[in-house]
Structure formats: C-alpha cells, structure tokens
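Below are two complexes that have subunit A in common, paired first with subunit B and then with subunit C.
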Partner chain A sequence: MTAADLSFLAAAAAMVGGAALAVTRRSAVYAALSVVVSFMGVGVAYFLLAAEFLGIAQVFIYAGAIIVLFLFVIMLLDLRRGVPDLVRGNDRPFHLPALLLALAVFLLAALPATVCPGEWPPLAPDDGFGSTGGLGRAVYSGHTLAFEVVGLVLLAAVVGSVAVAGARPPREAPPGGA
Partner chain B sequence: MGATLAKSLFVLLALLHLVPVLVYLERKLSAWIQDRRGPNRVGPWGVLQPVADAVKLLFKEEVIPAGADRGLYRWAPALAFVPPMLAFAAIPFGNRIGTESLVVSDIPVGVLFVLTIGSLSVYGIAFGGWASNNKWALLGGVRSSAQMVSYEVALGLALVSVLMVSGNVGMQEIVRRQTGSFSLAGVPLPAWNVFQQPVAFVVFMAAAFAENNRLPFDLPECETELVAGYHTEYSSMRFALFFMGEYVAMITMSGLAVTLFLGGWHLDPFTDPDSGTWAQGAISVLVFGAKTLAVLLVYIWVRWTLPRFRYDQLMGLGWKGLVPLALANVAATALIWGPEAGTMP
Partner chain C sequence: MFSLRACLVVSAALLATGVYGVVARRNIIIVLLSVEVMLNGAALAFAAFGRQWLGAAGHAGQVVVLLTMAVAAAEAGVGLALLLAFERHRRCVDSDDARTLRG
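Take a look at the complex of A and B:
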C-alpha cells in the first residue's frame, strides 16, 4: 500500500464520515463542522488526482467561505438545539433508507472506480492537466463562452440578491411612541 | 525526508519563540507611543515579562462556564492556533542550501495554500464564541465570521494582480521574479512587487489587518462593546492559545506580505539568488526574518495609533472601498501588462 493509497483512504474516511455526521447531528453547528471535515477530504482527493488548483479552491471556497457564511447564519439565529421542532417532525424513519441509499451509491459507483484501478495515475502528467496553468488555459481558451455565460448567471444572481435585500419595508413607528 | 523534518522543526521553533518576543515588543512599543515605561520589573528592561506571563497563564485555574458546549469549547483554541502555524509551511523563509529549497513544502499553489489554511482559523474564533454560551462571545464569533469572508474577497483580488505580474503561483518563483531591478521615472528600484503593484499592496495590508483581527479592525474582540469578544469566557492556557494564535497568524501574514510584495528573502547586495552555500542560505533567512519583523512592527505601530472602526464602517470599507479598488487594479494591470504578463514592463 503506497502513501497515495493511505492518503486516499484517510481522505475517503473524512469525506464519508464527515458527510454522515453532517446529516445525523442535531446541532447545526456540529453539522457545519462535519461538512468542513468532509470538504477537506474532497480537497485532498483532488490533490491526489494531481488537480492541485481544484483541491485548494475546494477548501478555500467551500470550507473557507461558504460554510463560514452558514455558520454566520446559524449563530445569528442561535440554532442551539438544531432545527425547530415544527421542521423536525418525525424524521427518525427517514434516516435509515437515506443512509442505505447513500451507501449503495457509494459502493456501486465510487468503490470500483477508485479502489480497483490497479495503478494510480502519474501525479503530474506532462501536458499540465490539472495544474493551475493547464486549468487556466483550458478555461480561457477552449471554454471561453461557457466561462462568460457562468459569469453572467452569477452576476444576475448578485444583482437579484441585492435587489431582494435592498427592498426595505416602509419604516414603522418605533415601539413605545416617539 | 530528514531535510523536511529539520525545516519543519526550524519553522515551528522559530514561530513559537517569536511570539513572546512580539508580545514584549508590543508592550514596550505601546508604552513608548503612550509615553509610559512599559514592563520594566522582570529582568533587565523587563525582557522576562513574557516568561512571567506564560508561567502565570499555565498555573491559572481554568473555568468552563456552565451551559458551555464543552467539546467545542475545549477544542476551539486549538482550531485558532494550528491553521496559521500550518500555513507557514508554504512560505519560503530563505533561498536554498545546496539543492534544498528553504521552504517546508514548495507546493505549486503556495499562495492559495497560505491564504486557505490561514483563513481556517476563523473556525476557532467562531466556535469559541458560540461554545462559550455568552452573548458577548457569540457576537464576537458572528462578527469574526462575517468580517473574514468579506475581507478575504479583497485579499484575493489584491493577490490576483500580483500573480498576473509574477506569472506564477509558486512562492519561490514569485520571489525570484522580484530579484532584479527596474527604474521608475529614472529612479532605480528593486523589482519588488510593492513598487510595481502599490495599490495591491495597500489593499492587501488593509485586508490582512482585518483577517488577523487587529486594530483598527479588531471588532470580534472590541473590549469597549463586547467585554473581550470571542474569548470573554476563556482563561488559563486556552486563552493563551487564542492569544498565541493571533500572533502566529500575524507572523504568517507578514511572511506572506514579505514574500509577495517585499522581495522575500532577497536584498540586493547581501543575497545572491544563484548561490547555494550555507552562508548565503543563512543570510537569506536573516534577511527574510528582518523584513518580516519590520512588517510586524508596522502591525504594532498601527494598532497603537489608529482608533477602531465601527462595524458598519468596517463592512462599508471592505465591500465599497477595497473590493472595487482591487477590481479596478486588476483591470488596470491587465491593460498595462496585457499579453506580456509575467515579464517586466
């Protein structure tokens, strides 16, 4: 078993374990922490596939920014005991099928593709595939149109969210009179 | 393997020993700025004051508040302390000795690694604030998470223009690009990025202060509003870990600023980028250390000079000031350097 194999197993354990904890924790803060662990595993997996830019971007954007925003909302609303009771309802029976489904998908799709390929791909292929330069060249020369369209969609989302957040209700009189 | 281990040990010990030195310097400099004497009782000129503080913190009783989330409360200080330490692994602290590059790990995405891992310390602050079961601590944690996300955008955009000029994301390569010289309006200058990208440097430093929760942006702590912010309930060594984490984060950020903008380990007549002797390696480490210390002194100087921002001012400055400025700088850099990105103008 090589160092790459061991690293992959550790990353896979972090991914699967983190994801499992994220859906089973009652406390929203612990769930967020588990998702971070899972994302770290994904980042390591990208590194093992010689896609170092994607790996670091995965951690930078998801663990470093998006989950921090989640945490901001969780702490702002102070969801100390997790989701409110009215949302929770009777979620118990739902756990088992979901878990089994996830396991089945993992076993059917992920395991044969990752554990049995025999040989790991060379870590730094010669054509620069996956490196920062290679990715940049691919995105900005071969897929310029797609890149621009994605940029436009994201811009629309930003404008939309600013419009929604900026639409303030008419100011009410302060409580307790003037 | 052995060389990597030796380099890791060197960085670890250097960082840990720099923290008490910085604490002493901070107290002494703040005293001078405020026309006081500062620590002067423990040892000559009070230099042993940090040792006394450390002993005091080690022996203090630790109090865990009732209602605290004990697991997270215990682990949060470690989450604040480890990431900045880890992030230093990608910062080149010297040139090379023989063929051994003086950086713990010269990974191809070094810049992003330092930023990414360094920014994870926000979890320590946010979780520490949340787990304390204290409204001031919680507010500190909430503030820190929003502040971190906002200023990371400006920080990243400031880096984009530097990377465009350097034409590379590897840290040693970025330093090598700065070893030459160029002339600006007839004045010969070292080819440091601070002279080629002054706007990016200003944005970077402002965002770095916010990332490190240092005055004028130390809103997560903000003793006038929040008692002590996220570490209100912490005492003893766990408080010390938060404290040390902040200083290590400052050192790492200063090291990053030196590497990206101030020529890294190179200073013209003293270091030779092409030499791999032990003496040259040692000199390059000393140059890097001196530059980093200079940036750290600016951190301290600013802290004791500027008043604190209000929270809405902080957000306004970040999103309406620094982000557009950095974006404009990226556009200007693209226009000026254009297809020749990565070469001198």
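Take a look at the complex of A and C:
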C-alpha cells in the first residue's frame, strides 16, 4: 500500500463520511460544516489525480465561497423563528424508500467500475498535465465557447438572484392613508 | 488500490448520498447541499477519467470539472435566492410547504 493509496483512503473516508453526516444532520449549520469536510476530501482526491488547479479551485470555490454563501443564508433566515422549522427537516417514514433508491443509484453508478482498469497509466514528468498552465491552455484553446457560455450563465445567475431575493413584498398601506 | 475503479466507486457513493438527501430531507437548505454533493460526485468521476486518459482528452475532463464548479456556484446562488424569497413569503424552509406553486 503506497502513500497515494493511504491518502486516497483518508480522502474517500472524508468525502463519504462528510456527505453522510451532512444529509443526516438536523441542523442546517452542522450539515453545511459537514459538507466542508466532504469537499476538502474531494480536493485531496483532485491533487492525487494530478489535477492541482482543480484541487485549489475546489477548496477556494466549494469549501470557501459556496459554503460561506450557504452559511450566510442560514444566518439571514432568523434562526430564532426558524429553529422549529429547521428541526422538522427529518422525515422518518420516508427513510427506507429513500435508502433503497440511494442504494439502487449507487449500484447503477458503480457498475462501470467493474470493467475499468485497476491501474493508472504512468504520468509523464514535466508534462504540465493538470497544472494551471496546462489547464489554462486547454480552456482557452479548445473550449473557449464553453468558457464564454459559463460566463453568461454566471451573469444571468447574478442578475436573477438579485431580482428574486432583492424583491420586497408589497408594503401594506400605513393606517390613516399615505 | 488507488485507481480509476476506486474513484468511480467513491463518486457513485457521493452521488447516492446526494440522492438520499434530496429524496429524504424536507429542509430546503439541506436539499440544496445534497445537490452540491451530487455535483461533486460527478465532477470526481470526470477528473478520474481525465487522469486515466491523460493528454488532450484528460484535460477535457478537467475542463468539464472547472465548468461544473462555475455552474454549481450559479446554481447555489439562484437556489438560495429562491429560498430567501420563499422564506420571506411562507416563513419556513420546509419543501412540503412548496407543493402547490401558489401563494
């Protein structure tokens, strides 16, 4: 068992364990923090897969920005009033069908693994595979259109978020007329 | 041990965990978190296939992961904005209260 094997085992435990904790916690804050553990594990896996830039981006974007966004929203939701509702999040009678569905999805998704090779091809030294430069050249030479479209998607998401969350409910007329 | 096979199994486990969260939970925040977990599982599979094939095809897999991250960020932003608007309207974050699509 090599060092990469051990690191991957630890990362896999963090990924699956963090995700399993996240979907079973009653408190949304604990769930968000458990997801951070899972995302950190995915970041470690990216490093092991020779995708250094993706590993850094995973930690910055997912474990950093996206989870902080979630935590901000949880704080905006006025927990004093929200706690009873948040606690209602666990729906016991529906656990067994959901577990069976998840098991079916796992078996279906893991099926291709049985015909996959069990060894990595050797990595050429100084290839630049997965480095910032290599990935940047791949994005800007072969996948420019996809990159531009994603920029457009992000812009639409920003405008849409502000339009949806920034809209105030119509204010009631003050007593006595305005 | 550490191989494409192992990566695909872990990626399938992440996907299944996310499916469980989306189906079993009613707290919309946790449902959105589960969607992020599923996206991570898919992205991990792309990166693993990229490591297997290397070269231009391998980089294409990594580009997909990068674009997935951007789309996931957009999805989280829009989803949480909708959640905020919903909570302002109904005063709760329970998906059971969002069944009728009516005020």
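The rule is short, and it goes like this: the second predicted complex is superposed on the first by the 117 of 178 C-alpha atoms of A that agree within 3 Å, B and C clash if a C-alpha of one lies under 4 Å from a C-alpha of the other, contacts with A are read in each partner's own complex, and residues count from 1 in each chain.
The rule is simple: contacts are C-beta pairs under 8 Å (C-beta built on N, C-alpha and C of every residue); 3 or more make two chains touch, one makes a residue touch a chain.
As the structure is a computational prediction, the values presented were derived from the model and not from experiment.
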A:V36 touches, of subunit B and subunit C: first, second, both or neither? first
Subunit B versus subunit C as contact partner of A:V159, first or second or both or neither: neither
Contacts of A:V105 with subunit B and subunit C, given as first, second, both or neither: second
Touching partner for A:A45 - first (subunit B), second (subunit C), both, neither: second
Touched partner set for A:H143, first subunit B, second subunit C, both or neither: second
Which partner, subunit B or subunit C, touches more subunit A residues: C
Partner chain in contact with A:V23 - subunit B first, subunit C second, else both or neither: second
Which of subunit B and subunit C A:A10 touches, first, second, both or neither: neither
Shared subunit A contacts, counted only where both subunit B and subunit C touch the same residue: 53, 57, 65, 69, 76
Partner subunit C, residues of subunit A touching it in the complex: 1-2, 4-5, 7-9, 12, 15-16, 19-20, 22-23, 25, 28, 31-32, 35, 38-39, 42, 45-46, 48-51, 53-54, 57-58, 61-62, 65-66, 69-70, 73-74, 76-77, 81-82, 85-86, 88-91, 94-95, 97-99, 101-103, 105-106, 109-110, 112-114, 116-121, 123-124, 127, 129-130, 134-135, 138-139, 142-143, 146-147, 150, 153-154, 156-158, 160-162, 164-165, 167, 169
Residue ranges of subunit C in contact with subunit A within the complex: 1-21, 23-27, 29-30, 32-34, 36-37, 40-41, 43-44, 47-48, 50-52, 54-56, 58-60, 62-63, 65-67, 69-78, 80-85, 87-89, 91-94
Complex interface listing, subunit B residues touching subunit A: 69, 72, 107-109, 112-113, 115-117, 119-120, 122-123, 126-127, 129-130, 138, 141-142, 145-146, 148-149, 152, 169
Subunit B-touching residues of subunit A, taken from the complex the two chains share: 27, 29-30, 33, 36, 52-53, 56-57, 59-60, 63-65, 68-69, 71-72, 75-76, 78, 131-132
